[in-house]
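Each of the next two complexes has subunit A plus one other chain: subunit B in the first, subunit C in the second.
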Partner chain A sequence: MCLLWNLPKMSSRTWSLFWGSRFVKTPLQNGIGRYVQQLQRITLKFCKTHGGSQGMRDYIEKELIHFAKENPGVVVYVKPRRHRSPCLKAEYLNGGEEYISMHRLPADDIVRWMAYLRGRSGYPTDRIRKDQHTDHPSIQGPWTPWLHRDPQTNVAQYPNEDLSCVEVMGRSATEELREMFKKQKLVSSYKRSVES
Partner chain B sequence: MSLPKAFQLLRFTTYVAPRRLISATACTYGIKSRWQMPYRVTLKNRMKEMEKKGLLPTNARSDFIEWNYDSEIYAFGKRLHEEFDESLLRQALIDPSYITRETLRQQELGVEVPALQMSGNSELSTEGKDIIFDYATKFVRATHRVLPEEGVSALVDYLTSEELLSEIGHGIGLKDLILTEEYPPSQVTVVNAFQSVVAVLNRSSGLSRCHIFVKDFVLTQLVGKNIYDIWKIEDPVSILSNILLQNGREAFEPRLVFQSGKNTIQAVYQVAVYCEKQFMGTGMKWYGETVNAAVEQAAWDALSRLFQTTEAVSPIPFEKPEQLNLNDNKNMPIDNWSIDRASNIVMC
Partner chain C sequence: MISCLRLVRHSSAFKTVIGNESAMHEIEIRLPVLMQLNGLRTSPFTAPVKHAQVQQEVMQDASEIHNEKFTKNVLDKVNHQILNNQCGRLFAVVYFAGKQKLVTPEDLVMVEGVFPPNIGDKIRLEKVMCVGGLHFTLYGRPLLSRDLVNVEATVVEKNLSHCRVYFRSLRRQNNRKTKFSREMQTLLRINCVDIMHKIGEIREVEGADGRIF
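Take a look at the complex of A and B:
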């Protein structure tokens, strides 16, 4: 049941006003030379007795060792705190930090949240304007009225009869279609007369 | 009123029934009043400003309880996919200022001869600096063989500049690992540590592995950069005429190709440069507000065509560094730049 009916509706413009938007970017040209995983350390905070940390305790017992083995570049800290709800704190190479509450979440969910944090770049989750970005949108440059123009017009003397007359165009597509239609009609009427 | 009391009450209850207490909703779903967000944004901006002015206390990451330097050192190498000699790597991350501070602190505590078995990274830093400079110079020469030596040195200066190297050092996570007096570490400290890391890699895994490291982290910073933003050509017209003179060609002939809005504030001219009736260049993307400015743009374009640094050239081959011909031969200097020699060099 949706009970959020009295939340104010937010247009994308209002959203961008507060949260901003950005283009796709990667820290330090990552991936052109080699890929460096941006997550540098992650802290799992939990309570040893409280029920809200049950999922986190299960995760630490069963899954954490696999995560640490698969990601030797990530320093994993486990921090027990008495009677406080569990959370994940991720720190990235570019100085970004992410904090996610894991209160009453089962171990399976924590596996997924860890995978999510592992793949992040560390930049904040802004709205990304496009899926791709280039610093050079056009090699040729912007269109100008001079592009592909005959340089002869530069030295023409005006008034000029040749340049002032109506440009002679070839047959248009509509005319072509009309012609084809006429031909088709002629052929079909000829066939009909032969059959009769 | 004429309505009975009970009916009035009923009306009241039907009105209230579909609504819930707003405070309960706010507690459950985190709905805030509309001044809450601007208030928090203001607080955040104020904090950013204080941080910029240095009014906020900055704790080093190593001050916190969840910190294990051994694990951090182990993860550092694994993250970069490199095998470092561990004791050398530890030495590379010790700034001399740290040793001075530790000695003083121990003396204050009453230790007369402090037992500090550590040496700083000064020596490693110079070694790494030379490696980076040497390889960057050779690589830039090999990938831009027609570019004059002045341009090569400008690019190498950019690649070995303090700003860029400290940015790279921060980007591979040196900020928290460096043992130094101040926190956050200064630019020079981070640069020294990065250069030392390069030197350590040279000693641990060999020079070729070290070159690949430098290529992946330092030289890739050239991607997406315009060479002429880094190497500023002051007077392209005189440089072009000088090159033509040196090569025994005729002086170049600027021709007005198009013009628009003459004698207005929006006047714009396009000029093409010809030499011995051969096209050399034109202001393709940048025109001039005056004829002289347009000539300058055209000369600049002619130079970038001569030096084979237009935007349409193929990208720098980072994935095949072994195919590059790295040697100590200098490129042609700009005062003695030969068109014939440049046309014999084929870039592939």
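Take a look at the complex of A and C:
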């Protein structure tokens, strides 16, 4: 974060370019067939005496047992060490790691950061270029200018007056829907008048 | 007309209004002329016209019959594909988190913003606007029936986005603000897009509970 504060003039676009970008992906086709939890190990490091670890100690006393029960697939290590600030270290199935400092954070915040680490897939956080990915971009075939066209245009002689004149369009779907709605209204108002 | 006038003449009210006996006498002398005019006017009473009773017959439009045949033909073809599992890969346009998304099985869809489901949860996307295969497309107006289409998804990842920097400044004003934010991003894997029953028929029972459209 201190790096961020030193560079206030950088626009978000420049910043994103600096950090790189990627498309949405999941490791090992996760979710097809069944879902596999990606978080494998999580280590909570803290000091038993220092005030900076107070929140972490509270968390370990009250909340950690619930986390372990809810996530039987995650190995939880608790590592006390003297006179060092607390942190969380998460390791994922695809080899990804994340380290977050928990210095002077209350137990509530640590609950949230644990949930965040639990939900991740292990890929580094990048700017996401598109919110969707598909292996089958078109099912009925991609659109071309000749889609639903009269095949006689292939054999016509050009320049052709009939084919180059303005096409007379029929009623649009919107217009038709509007008319249907109007009719419905008329019927309902008529029914109301009959009832009253 | 005459009798009417005479009646009026003898009434006391008439006398008070007109008050002139000689004038009334003149009117009586002219009465035959009035009678002649009277015959030219249409009589106040006309006998009601009796229409002959007509039996109405419903004639079906030839083009309508043709259209019905065409519709039935198309529906039969689509139903044949649905029943024999010949649709191939299906796609659906799903209205989801304020956006319309075109999805097909095994797709990844990301939802940005607050989204309650947790990782590993299976959810069903119920607002389906359109479903299609290789040879046909079914459109809802605006939504397809919940019983007709089944689109399921699994929550694969819940993450925070990269840190976005919102920086603004006014030149020479000593005014600059920087904000950092990380939005919640949820990644969904589409598991299936299925058409559950035949189309073009009215179902006996439809599940109507819990519908919020």
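Observations on the structure shown:
Throughout what follows, the second predicted complex is superposed on the first by the 136 of 196 C-alpha atoms of A that agree within 3 Å, B and C clash if a C-alpha of one lies under 4 Å from a C-alpha of the other, contacts with A are read in each partner's own complex, and residues count from 1 in each chain.
One rule holds in what follows: a contact is a pair of C-beta atoms (placed from the backbone, for glycine too) under 8 Å apart; a residue touches a chain by one contact, two chains touch by 3 or more.
Only a predicted model underlies this, so the values are computations on that prediction, with no experimental measurement involved.
When the shared chain is aligned, subunit B and subunit C each come close enough to touch A:37. Of the two partner chains, subunit C is the only one that A:119 touches; subunit B does not reach it.
Within the superposed three-chain model, A:189 lies out of touch with both subunit B and subunit C [touch as defined at top].
Judged by the touch definition given at the top, the superposed model places A:74 against subunit B, while subunit C stays out of reach. In the superposed pair of complexes, A:24 makes contact with subunit C only, with no contact to subunit B. Look at A:93: by the touch rule set out above, it reaches subunit B but stays clear of subunit C. Contacts of A:136 after superposition on the shared chain: both subunit B and subunit C are touched. Judged by the touch definition given at the top, the superposed model places A:128 against subunit C, while subunit B stays out of reach. Of the two partner chains placed around the shared chain by superposition, neither subunit B nor subunit C is touched by A:160. Residues 4, 8, 29, 32, 37, 135-136, 139-140 of subunit A lie at the contact with subunit B in one complex and at the contact with subunit C in the other. Contacts from subunit C toward subunit A in the complex involve residues 88-91, 101, 103-104, 106-112, 118-120, 132-134, 137, 141, 154-167, 176, 178, 180, 185, 187, 189, 191.
Looking at the complex, you find that subunit A touches subunit C at residues 4, 8-12, 15-16, 19, 24-26, 29-32, 35, 37-38, 116, 118-121, 125-128, 131-136, 139-140, 177. The residues of subunit A lying in touch with subunit B in their complex are 3-4, 6-8, 18, 27-29, 32-34, 36-37, 40-41, 43, 72-75, 77, 79, 91, 93-95, 135-136, 139-142, 144-146, 149, 151, 154. Those residues of subunit B lying in contact with subunit A across their complex are 20, 22, 25, 28-29, 31, 34, 37, 41, 61, 65-68, 71-72, 74-75, 78-81, 167-168, 170-173, 175, 215-217, 219-221, 223-224, 256-260, 270, 284-285, 287, 311-312, 318.
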